[in-house]
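The data blocks that follow each hold one structure.
Both of the next two complexes hold chain A, though its partner changes from chain B to chain C.
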Partner chain A sequence: MSTADATTPVVEPLRPIRSGRSRNHAEQWSWLFMRGSGVLLLVLIFTHLFINLFSGDGVNQIDFAFVAGKWASPVWKIWDFVMLVLAMIHGGNGMRLLINDYARETWMRKTLKTLLTACVATIVVLGSLVIFTFDPCPLDASGDLLPGVPTFCEDVR
Partner chain B sequence: MWMWVVHRTTGVAIFFFLVVHVLDTALVRVSPEAYNDVIGTYKTPIYGIVEAGLVAAIALHAFNGIRIILVDTWPWALKHQRALVWVVWGLFALLMIGFLPRHLSHVFGGA
Partner chain C sequence: MTATAEAPTKAGEVPSFDVTLRIQRMDPDGTPDHPAGEEYWEEFTLTMHGTDRVLDALHKIKWDVDGSLAFRRSCAHGVCGSDAMRINAKNRLACKTLLKDLNPKRPITIEPIKGLPVEKDLIVDMEPFFASYREIMPFLMTSGPTPERERLQSPEERARFDDTTKCIMCAACTTSCPVFWTDGQYFGPQAIVGAHRFIFDSRDEGEWDRLEILNDKAGVWKCRTAFNCTEACPRGIEVTKAISEVKKALNTGAV
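This part shows the complex of A and B:
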């Protein structure tokens, strides 16, 4: 020890795991979260794609009225919200792992992680606001329905 | 090794797609016409092919993700992990065979 200088970091012995990443407390949570959220995302996203891209008229059916129809039900609001949060944290954490692997300089790692956190937070907040403040029948300044609203808006008025 | 490259590349691609996807969906809070205009461009052939690529990326990342989970937690899967790579590609091929004809006929007109 006498030759080791004071800046030598004290590294806990890390228990290797099969996929090759080392474990400590935070990384253990990260590891578990990536797997738990992965399984949930498989169900959430495949259903999302099946409904929006495969059934009915596929992409051609998507317009404002289609979204209004889906978000009329709290089930799809919650579905999209959970999908938004899990996918952004899973993807964001995955990007963090990549930054750790590829960004060599400390300042570079710090900058990229700050940008990443800001990006994930902005998208989660924006996406959540969009889902929960959605208005299926928006009006223009003179109180008329805007063009493109679903037909049920006429009945509601 | 190859699957690791595939898993990383698809993960990053999906992440950037999702950021753009939330931004375009946010147009429903601007006006129905703004949203319909942008979604309209997604129905063109070029975007139709991009969407097919996105579905391919999701399918590969998802099936391979399940393989990673199994191999990390289940000794049997670790022993057979090479065979499981083929299962991933097999499931991927099946899904694309089911999806592509229908999607492309939506995009290129017809049914």
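This part shows the complex of A and C:
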């Protein structure tokens, strides 16, 4: 026995090629989010397209007054805000998956993801500002209503 | 039956035809015409029979034309999984692909399977593929004393993982996966098939260890449901379905 022990070569177990396991099921949440947000986006986007391009006068109705009229209602403000945020996070997370696939070097992955986060954050902030600080009845320098504003602006004044 | 006119071929004779094989080659030591490590195409035109497979054509080249051609094969009958290669841009076993089914009128392209390092000609380094398989712990895990006799299982319990027991580790699925091509860290379809075979086995108790491993960054969530794996599998395993069952087990917490 002891001689056999001395001469038997020790076979090193092959090391796994990956180490460090999942962080709080992050990838699982990402997968579920893509499907959940996908279903919501389906409803949000197609209703949006139907209302803007199909119902009423169709695509010809879209002008400043049309947008102002929609955003006079909090329902459409919330609708567009949710659509903006969901689409940006969904699209941003989708791009993160692609970066993980294609960018091999750590520095490249880090750089691209930083750029991506900056883009997503900028667009969400700018879009939200447009939605929530929107003035349906802008005035020109002399204090008159600008042309093209919705008709209700006359009553509001 | 009345006597028929003389047939163009003798009874029992197999029709023969000329076929061109366009093979991607690479010699790590180089050849007089090609520097070491260069990948290049070489064409061979052979006279083959209607009953011949791609593997028979490769044998003919190696034995009669160019002995330096390197490829793997062992059983030659679709059992060992040695000879998966990319034939006319699809992963198949050379020993299960008849030449006549590939339109022999046009050159047949043969490349090594993609996504693994090429060692020579059609031979790739399978180690990253096997390493993924080892990581999902492909062995029976149980607790308690070993029973005196077999561990019993009902036909229904067996049916849950029957499909994934058929795997011959040929790597056709993993090397057909676009996610594996771009990110070699991904475990790949075969490792998930291998894990599925134990996760859904009623006799095994290691299912959550394996599910945790596949919950990794490089695990099942990388799958984009491309179905390339299911199409490539020479054993007809529904690979994408098996991957979905693993995702479902992780999402519902129930095996």
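Keep in mind that, in the parts below, the second predicted complex is superposed on the first by the 133 of 157 C-alpha atoms of A that agree within 3 Å, B and C clash if a C-alpha of one lies under 4 Å from a C-alpha of the other, contacts with A are read in each partner's own complex, and residues count from 1 in each chain.
By our rule, contacts are C-beta pairs under 8 Å (C-beta built on N, C-alpha and C of every residue); 3 or more make two chains touch, one makes a residue touch a chain.
On a predicted model such as this, the values are computed, not experimentally measured, just so you know.
Colleague: I'd like to know which partner A:44 touches here: chain B for first, chain C for second, both or neither.
Modeller: neither
Colleague: Name the contact category of A:127: first (chain B only), second (chain C only), both, or neither.
Modeller: Only chain B is touched by A:127; chain C is not.
Colleague: Please indicate which partner A:28 is in contact with in the superposed arrangement: first for chain B, second for chain C, both, or neither.
Modeller: After superposing on A, A:28 lies in contact with chain C but is clear of chain B.
Colleague: Applying the document's definition of touch, where does A:64 land relative to chain B and chain C: first, second, both, or neither?
Modeller: first
Colleague: After superposition on the shared chain, which partner residues are touched by A:148: those of chain B (first), chain C (second), both, or neither?
Modeller: Only chain B is touched by A:148; chain C is not.
Colleague: Now for A:86: first (chain B), second (chain C), both, or neither, which partner does it touch?
Modeller: In the superposed model, A:86 contacts neither chain B nor chain C.
Colleague: Which positions of chain A sit in both the chain B and the chain C interface?
Modeller: 17-18
Colleague: Could you please specify the touching residues of chain A with respect to chain C in the complex?
Modeller: Listed in rising order, the residues of chain A that touch chain C are 14, 16-18, 21-23, 25-28, 30-32, 100-102.
Colleague: For the complex, which residues does chain A have touching chain B?
Modeller: By the definition above, chain A touches chain B via 17-19, 35, 38-39, 41-42, 45-46, 49, 53-54, 57-60, 62-65, 67, 84, 87-88, 91-92, 94-95, 98, 119, 123, 126-127, 129-130, 133-135, 138, 146-149.
Colleague: Across the complex, what residues on chain B touch chain A?
Modeller: 8, 11-12, 14-15, 18-19, 22-23, 25-26, 28-29, 31-33, 35-36, 39, 42-43, 48, 51, 55, 58, 62, 65-66, 68-69, 71-72, 78, 99, 102-103, 106-107
Colleague: Using the touch rule from the top, collect the residues of chain C that touch chain A in their complex.
Modeller: Chain C residues touching chain A: 128, 131-132, 134-135, 179, 182-183, 185, 212-213, 215-219, 221-222, 247, 250-251.
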